[in-house]
Amino acid sequence: MLRLEVRPQPSRAWSYASPLLALLITVVIGVILFAALGKDPVRGLQVFFWEPVKNAYALSELMVKATPLLIIALGLAVCFRSNVWNIGAEGQYLIGAIFAAGVALTATKDTGPWIVPVIVLAGALGGMLWAGITALLRDRFNANEILVSLMLVYVAVQVLNYLVYGPWKDPMGYNFPQTKTFESVTQMPRLMQGSRVNIGLMLALAGVVAMWVFLFRTYAGYAQQVGGLAPAAARYAGFSSRKALWIALLTSGGMAGMAGALEVAGPIGQLTPYVPAGYGFAAIIVAFVGRLHPVGIVFSAILMSMFYIGGELAQSRLGLPKSITGVFQGLLLFSLLACDTLIAYRLKWKK
Amino acid sequence: MTDLNKRSLIKLAALTAVASAALIGCGKNEEPAPAPTPAAAPAEAPKAEPLKIAFAYVGPVGDGGWTFAHDNGRKAVEAEFGDKVVTSFVENVPESADAERVIRDLAGQGNKIVFGTTFGYMEPMLKVAADFKDVKFEHATGYKQAENMRTYDSRTYEGAYMAGVIAGAMTKTNTLGVVASIPIPEVIRNINSFTLGAQSVNPKIKTKVVWVNGWFDPPKETEAATSLLNGGADILFQNTDSSAVLQTAEKAGKRAFGWDSDMTAYGPKAHLGSAVINWGPYYIKAVKDVMDGTWQGNSGVWWGHKEGAIDMVSIAEDVPAEIKAKIDTIKAGLKDGSFHPWTGPILGQDGKEVLPKDVKADDAFLGGIKFYVKGVEGKVPN
Amino acid sequence: MESTALLIAASLNAGTVLAIASLGLLINEKAGIVNLGAEGMMLCAALAGFATVVHTGSTVAGFAAGMAAGALLAAIFGVLVIWLNTNQYATGLALSLFGGGFSAFAGTSYVQEKLPEQSQFAIPVLADIPFLGNALFKHHPMVYVCIGLTLALIWFLWRTRAGLVLRSVGESPESAHALGYPVRRIRLLAVVAGGALCGLAGAYVSTVYTPLWVEGMIAGKGWIALALTTFATWRPARVLLGAYLFGGVTMLQFHLQGIGVQVPSQFLTMMPYLATVVVLVLISRNPTWIRINMPASIGKPFYPGS
């Protein structure tokens, strides 16, 4: 029967191949699922993998969807590499969106475009603040960051609801829970006509480079990761685990908050109760599937976006429920985690 | 590790280059999405081509409430026009940035009419309407219009009033409970109408309201309903979209109403009547307008019982005959315009008159209701 | 007075869901495994339970189906985490996300279904006691099963040998392994048992608490149950009390609205979550206390033979 045998050294080849194998497994299960539901599997694959990229508009929508995932996942990668389990990125995203909205709402017809960077910074600040609470409670009181950050997500949702139902509600909006639409000057500048892609994409790609440099080229980044991989060694080497904790959470909080700002001042254009879109959670999958590596995350963000958009299209093209997206995303992560064992272990046939 | 880094850098550069090239090179002059048909004369489709119509729903078709009612309207269109139309729908489209993509996709797929069935689609529809000038956009419960976009809504307060009449007659504790969704004027108006209807047969009643801050949330609706029953209400009304409130009443041996669609099956013993919305008549008219070429944008309609959009159905057996007769009278009065649920004198919670004697409220008044009438307990949230 | 009694009753009912799930999670955490997939397991179990009752009419069959669904998902999680040593947090999260998506997907045809008529429950004689009768003795049997479960778990963990072995696996799997105990198998059993209980809680929600199926209907209760185990410092009795407290806070927000309290409802809704954070801070403050109460090997992978 098959047995797992520890490899003498983690396999480099498998660390690249594992996500691809996981994707393959997910696709195979997907095909079986389509067939079982009586849908043409080829058409199914087409909807998920071709339609979202088949023309410029589709690609631009893919980028619009991928941008927040990418930004949040970059921050999470730093966090997870430091063994800090920030599950509350969704809450940090929301508070970032709220801070950004707060700035955007002060804009009038005469405000200049200088407000755009302020909005983005406000978002990052909001996210850092929210993550800072988790960091503080872990630093001072040893409170488990998973649970604290998660509970703060629910709190953030209620804060958002309070604002849009209450003080920030659009007085001209027929009492609907939403803020007024932001002045056009606050809108994230778009990259080109006819698509919704905005400078967020540029910021995301800049973030990829910055993250890569930080993680793999700076001493601080190195210290950060050692703290995560081998806390005892880190302490021995004098790396401060407290500092690592704060950097991890503030970074991921700031990134998540920035993503929130870009969404709310970009495609959404106002604050509504529907801002929580689950990106903070999906980004966790993106981070993992991307091997916690900035470049890998770019690809996995695009992949996840294809699942999102494919799921939407699957409804109108194939009559499949939209929730198929969640199935694929979960399957992908499961398969990835399973395939990852092949990095540390090898399968052997033993009698 | 170094060659790995070099490879990553190259990959990154390549990706950026490809992405930029794709976006810049192809983006500038092309129209978005599969090119919509060039602006042809309105509704002059070649004879045998069926008219493609699409519906965007905020909830699941099986919710038994709001979306279910809209889908029944869609089916009515299919029944009426047969193979002259082809309808399709997308459900669970959230009121968020995603809505624009879905609506744009529907418009780009050759649909000539797109129905958006919830308030939150307003901005996305406006944006897409600007890009697809030959597609007609119909938006439910909104207020922004355009040359190729108009709005429609139903006078749900008429159904609420009729439910109130029945509730006022049937209550033994004189306390009525409402599970309310979101404090927008429509919902506040419905709470008030329900109360006014009950007071017309039983001046002693009072109404308690609990807000779930959502349209469709069965677990929360159950908890809210339980809370109202625990607080002494013996008849429940709702402005939320699931059958949870009715089911809770059924379990507790109390009474309740169905909302949006006929919910008798969900609580046969508890069910007093269902205030239903029939979107069929309006949808059929809208399609007809497009087919006849008489469709006009920048307009909106608000249909009630008179036009067949609202009704009170499946009234329970044990409701007294004189109340059933009163309901019939009200319906007749709504049909010929002689009866208006909001006819003065109507008092606010503070006892001051908000509508003088014999004055009928006009649509402007109805559209801006942010206060509770006398008899409703509590304050309007924010 | 009447409405307070009913508020208590509603709190007990709401708390039962949290308690059963949390007790399940307590079992696997006592063995050292954290299963973040509670929400996903509960959702799939809710669907399984609901669908079973729709087809068979039997609530008991529904509960059994829910337990089976939870156990199955937990087993998959367990194999990945215990034998393949995948990261517990990530795997649990994957389970949550997958469970959410899968239940929504598979459940689309059940959204408009309704369940057969439910009976009213009341313990004879006791139910007629003024106030206490309404508060305590008119519940669905599951509420009482939950109390029994708590007691059984206390007895099991601290009064039986099996319970001792389980706890020692959680404290130090290496020592238990050295003593010859099949650590991995014990952990798997704990994980599966935990999943079964989460499944029971999920099935209860969809068949008794809110007899409807709608996607996402667990609405975060799985995550609260997770927080609850820490909140209760891994002691069953405290889990039960904490669960009732949380149930109470949930119902309180509607009760306060009904009596006209003017706090914005969003602050009331925030209460259970803020309360959890506060308690987490309070109990984590003292590292010694945590060390005494928390199973030492939580979250850490175990490699036999290393």
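Just so it is clear, A, B and C label the chains in written order, and each chain counts residues from 1 on its own.
Here is the rule we go by: contacts are C-beta pairs under 8 Å (C-beta built on N, C-alpha and C of every residue); 3 or more make two chains touch, one makes a residue touch a chain.
None of these values were measured; they are calculated from a predicted model.
At the centre of the protein atoms shown, by the Cα-centroid criterion, sits A. Ranking all chains by how far their C-alpha centres lie from the centre of chain C, first place goes to B.
Distance between chain centres (mean CA atoms), chain B to chain C: 36 Å. Averaged Cα coordinates give chain A a centre that lies 33 Å from the centre of chain B.
Computed from the mean C-alpha positions, the centre of chain A lies at a distance of 28 Å from the centre of chain C.
Among all residues of chain A, those that touch two or more other chains are 161, 165-166, 321, 323. Counting only residues that touch two or more partner chains, chain B has 213, 381-382. With touch defined as above, residues shared between interfaces to two or more other chains in chain C number as follows: 108, 215, 264, 266, 269. Those residues of chain C that touch chain B in the complex are listed here as 2-3, 6-7, 10, 14, 108-109, 111-112, 114, 117-118, 120, 205, 209-212, 214-215, 217, 219, 250-251, 254-255, 257-260, 262, 264-266, 269. Contacts from chain B toward chain C in the complex involve residues 60-64, 68, 208-211, 213, 216-220, 222-224, 226-232, 242-244, 247, 250-251, 253, 265-266, 377-379, 381-382. By the touch criterion stated above, chain C contacts chain A in their complex at residues 36, 40, 76, 80, 83-87, 89-91, 93-95, 97-102, 104-105, 108, 215, 220, 223, 226-227, 230, 264, 266-267, 269-270, 273-274, 276-277, 280-281, 284-285, 287, 290. Residues of chain A that touch chain C in their complex: 4, 85, 87, 137, 141-144, 146-148, 150-152, 154-155, 158-159, 161-162, 165-166, 281-282, 284-285, 288, 321, 323-331, 333-334, 337-338, 340-341, 344-345.
Those residues of chain A lying in contact with chain B across their complex are 55-61, 63-64, 161, 165-167, 169, 174-177, 181, 191-197, 201, 205, 208-209, 212, 216, 263, 267-270, 272, 274-275, 277, 293-295, 298, 309, 312-313, 315-316, 321-323.
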